[in-house]
Amino acid sequence: MTIHRGRGIASVNYPTGMNLGGDPSQALIFCQPTGGFSVKLASTDLGQGLKTVIGQIAAETLGVPLDMVVIDTGDTDSAPHCMGTFASRGTHRIGNAVIMAAKEAKKALLEVAAEELEAAPEDLVVADGEVYVKGMPSRKKSVFDVALAAHFKHGKTISGRGIFMKPKSPIDPETGACDPDSTEAHATTVADVEVDDETGEVRVVRLSSAYEVGRQVNPEMVRGQIVGGSVMGMAHALMETVFPYYPSLEHHTGSFSEYIIPTAMDVPEIQSVVLEYPSSNGPYGVKGVGEMTANSPIPAIVNAIYDAVGVWITDLPVTPEKVLRALEQKAAGN
Amino acid sequence: MATITVTFQLNGKTTALAVEPLTTLRTALREHLHLHATKAGCGQGGCGSCTVLVDGEPILSCLLPVALVEGQSVTTLEGIGGPGELHPLQAAFYDHFAAQCGYCTSGMILAAKALLDRNPTPSREEIMEALSGNLCRCTGYLPIIEAIEDAARQMEAVV
Amino acid sequence: MSVTDFFVPRSLDEALSLLAERGSDLLVMGGGTVMMRMVNDGLLFPRQAMSLRRAGLDGVRSANNRVEIGATTSIARLSQLDAVPLLAQAARLFGGPAIRHMATVGGNLFVPQPAGDMAVPLLALDAEVELASVKKRRRARLDAFLAGQSARADDELLTAIHVPVAAGRSAYLRMGRREANTPSIVAVAVRVLTAKDGTCTEARIALGAARLYAMRASQAEAALVGRRLDASSIDEAAQMAMGECDPFTDALASAWYRRKMVGVHVRRALEQVVN
Amino acid sequence: MKQLGIVGQSVKRRDGVGHVTGQTQYVDDVFYPNMLWLQMVRSPVARGKIRRIDTSRAEAMPGVAAVITAQDVPNNWYTILCLIGIEPNDEPVLAHEEVMYEGEPICAVVAETEDIAREAAAQILLDLDIEEQPPVLDVEYAIRPEAPAIKKWGNNTFMYDGMNHRRLRFGDVEAGFAQADYIVEGTYQLSPIEHAPIETHVCVVKPEPDGRLTVHTNTQALYFTMDNTAIILKVPSNRLRMIGGTVGGGFGGKVDVITEPITCIAAMKTRRPVKWRWSREEEFRYSSTRAAVKMEYKDGVMKDGRIVARKVRSLQDAGAYHRHSPYGVQKHMANLPGPYNIPNVWVDAYCVYTNRQPSSAMRGFGVTEASFAIEVQMDRIARTIGMDPWEIRLINAYRNGQMRPVRKIVEDATLVETLQAAAQLVGHELPEHLRAMSSDDYHGRDER
């Protein structure tokens, strides 16, 4: 038996948002009498962390502490339209809608504060939950006091509406000319593998990735996507299929005994660096890092297998059986 | 409809309930006692999301008729800590972003607790082995493993 | 329409009487890890069921160079069984921690390949199974039991497994599509005795996932006896095992691949024993 | 890049404490008093004609509250992407004449417990009379004229503007091949995969006293689901209130509007709350998958590594119905050339129907498959011409200011930078001329 080591690389792009655009998302923000802000979204957190990053974007734009912002997702009776959470669109689309809504709410807040502080709205700044006159930090009022005044003294709303939509691009049926994306994130993954030439088993030793995702809203959660995507990508490359003998329907899988995904014992070393080149149209320069993290490991692993044992396995998943058959064919001179 | 009565210790409290005879522990917990931390991920013993502790050992509550825990002690995630009084494992999972969608989290924490109760200073390999019955589709496991390592250190330091 | 009776007998006698009374309509489970899954998936709609978990059939006893393992002894308990290292090793590679606490060794002997792993080390250890009905008790060779020649009758329960304390060196290898908690592509248990001059005097090679039931590779065993365990005899045994197995195709591997892996793993297990 | 305040900080997850204490409420954690359970009766064959659906024995079983068939569905024929102009409606909510894949929903049983519903569903399956027909499973066969047409419009492909594929034409690909020093070809195939979130599909519907329906759903897209459900139910959208937003993993698997319409109909028919929770087996075998895709690449390459022509033919196995596949193939088409500057490109991408569980959206679909093929193809090229795999990518990587085959100017390229950073991360020393490259080193004309 020989264990062969190999290294492969792969570089990928990933488009943010629905292909061709036309996928709007809205946000509503209103301020409560004591200065808390409620953000109303019909969007979904499926584990990627939308509630957290949207809270960060809202707090940043409003200039209030994070704990003054409540993110309410998931009720069509109280929140306006959102196309949905998919296509790596959440942070980009919803983030932009929230910035727009937060700016409008902040403008209303500053108008009330301007009256309270006897200053022009454009001379005011909001930071850490306080409104103060630029260059005169002692002339200030808390957002709490301004909100109270708005509600009970001035009879004014502090609220905002936001929407983001990239208009739908037409597509030329003859040439395919179209505008398919809002922005593109990029990544390169390096896979180090070991291949057992008697069993065809592939062990991924290490996945090392460089990601460029625009601005990171929450670096630990970006890392969470990279680590999680690396393992899912590894599984797509080596383990997963519901039709093991595709296109045949035979042995269609029906359980986690037959459909293999990794356990904690299969996880390779994973390391990553993140570059930030802000996009022109994302909220604070965000591009997005949802789906793409599962993509680059797949070809990187396939290329590493070639590097290790000199066979191209281009039919996913790369089962040990496919590797062994290819090695036998190679040995037979085919 | 036939029913049976089962009495057991649930998170330290004596609990009795009347259920259909072959009701699983998972169904008893979720649908009769309304403790929802324990999840129904597959019903096949394949994912570990229904893991609870029976007399301190991890078991899959989807495959265990509740009649068989008569007289035994059952611990669910609700029993080890709640908001404001997090168990060190819960605190570490929170700190390390070890829960993304959160659906495997209860089973993961209880599998880890069974390990640390028996082996307070596990190696990384022992942690990975202890989690081998629990699937996570989001995190890629590393944040979970790191959280358990951290929790073990914290719990050792307290001892 | 659902289950009207679920029995948890407190003794073997109680269990046997229930079985005699209710016959094959009574769904019998050991740890329940297979039966409950089938109930949950709507593949079985039992009206009455019985668990043997409280029937006093668990536990391990050693006497007269034999180890008697109660049928409902958990796999987790076996993984701590220092007296039978081959069995302990196989138990440690079985399922995940929770399944090991629930599944029973006796129950696992009824589980079809590729999930019935515990039969593999037990075959290599010349184990016998003990069966009881209200009328009689009997013992059967495990290989005959598994092959259906000495199968459980409708009124019988598997009560214990008898394992001779085996001499010789042994090894257990198991391959799956991931590191742990997955059905076998192949499982191999080997046990060999050698004379002082290195000649093999006795060999046991057992295979899992290599046929519809766990099997002994008797031609491969014969290829070793009387010969030194060297590269040539080991290779020959591996070839024989590949020839005499009769593997199947499932979602995890084809029969072609399983046969290849029988050869590789028989050889590797024997090499491990030698080194 | 400007330093910001809270944006850029690794603040803890807002739902973190809920998750680690088990107090986050998911759809399966919603229970109502008097709630019924739903189970689906599914086709046992991949293709067939339904002769008879006999629900009488199941309906007579104690605890069965209702059986729902196609007749109970106001608008039985639908397609979810009608909201973005995909047509025609090609999928029945419940099959009544023919079945197109194994597991296709035929009728639903609603009962007092999950067990009773399951047993009654098994009874209907036993009483079902279906004439099995040979399934069409292979995409290459499916697009041949002699293949039986499984779609009502008479062939087995989605029709894009009257064509049976989406195409991309840029430059002159044949001239590119004629000019090339090497031709490198490769075929790439993916097999269908499942999202496998730990939470399966769950829907709970409660009829409200005012005639509205409260729908608890783990959809990834609440409004999209609401609007499609309203169309199927033939009611105004404001009759529905969708509650969700917290999902136990999706990965694109929860955008198919596959549980809500039927659960709503069951609740309307019985006037009681109804829960439908998919089993893991249903999730694997009958929920949509990532599509199997076959891609054939032919590249013309110069000795210096420049790719001068790329021709791609791609066949996506959509399974039995549209779902999101017609959209996915368009996205796929736009991404098949890859993030490289190639002057001559030809792409034909087909959305092909077979008698298989439908494929649909999954994490990166359209792109994941293309990236796999492109990046293995890049290594093949490198090996063929004897060039380092880092260099082949760096010299072909698209640069800001260049024109992509879809005729959009590249404006936020960073492929070069990620390659350089990855090399550094793994300690691979790139030669000086590659380290000096940048995504901004293209200055308005192709110097190559």
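For clarity, chains are labelled A, B, C and D in written order, and residue numbers in each chain start from 1.
We take it that a contact is a pair of C-beta atoms (placed from the backbone, for glycine too) under 8 Å apart; a residue touches a chain by one contact, two chains touch by 3 or more.
None of these values were measured; they are calculated from a predicted model.
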item: Identity of the most central chain, Cα criterion; value: D
item: Averaged-CA centre spacing for the pair subunit D and subunit A, given as whole angstrom; value: 18
item: Whole-Å gap between the CA centroids of subunit A and subunit C; value: 47
item: Separation of subunit A from subunit B, taking each centre as the mean of its C-alpha atoms, in whole Å; value: 30
item: For subunit C, residues that touch 2 or more chains besides their own; value: 2, 40-41, 96, 179-181
item: Sequence positions of subunit D contacting 2 or more other chains; value: 12-13, 15, 113, 115, 196-197, 247-251, 279-281
item: Residues of subunit A touching at least two other chains; value: 46-47, 49, 220-221, 232, 244, 252-253, 255-257, 259, 261-263, 265
item: Touch-based graph of the chains, sorted into line, ring, star, complete or other; value: complete
item: Subunit C-facing residues of subunit D, complex; value: 39, 61-63, 113, 115-116, 118-119, 121-122, 279, 281
item: Of subunit A, residues touching subunit D in the complex; value: 7-15, 19-20, 22, 41-47, 49, 51-52, 55-57, 59-60, 66, 71, 73-77, 81-86, 88, 127, 171, 173-181, 183-190, 208-212, 214-221, 232, 236, 240-244, 246-249, 252-256, 259, 261, 271-273, 275-280, 284-285, 287, 290-292, 294-296, 298-300, 302-303, 306, 312, 314-317
item: Contacting residues of subunit D [partner subunit A, same complex]; value: 1, 4-15, 46, 84, 102, 135, 137-139, 160-163, 166-170, 186-194, 196-197, 219-224, 226, 240-252, 254-255, 280-281, 284-285, 289, 292, 317, 327, 330-331, 333-335, 338-339, 347, 354, 356-357, 361, 363-364, 366-368, 371-376, 378-380, 383, 389-390, 393, 397, 405-408, 411-415, 417-422, 424-426, 428
item: Residues of subunit B that touch subunit D when the two form their complex; value: 20, 30-31, 34-44, 46-47, 49, 76-78, 81-83, 86, 90-91, 93-95, 97-106, 109, 135-138
item: Residue ranges of subunit A in contact with subunit C within the complex; value: 1, 198-199, 201, 239, 244, 250-253, 257-260, 262-263, 265-266, 319-321, 324
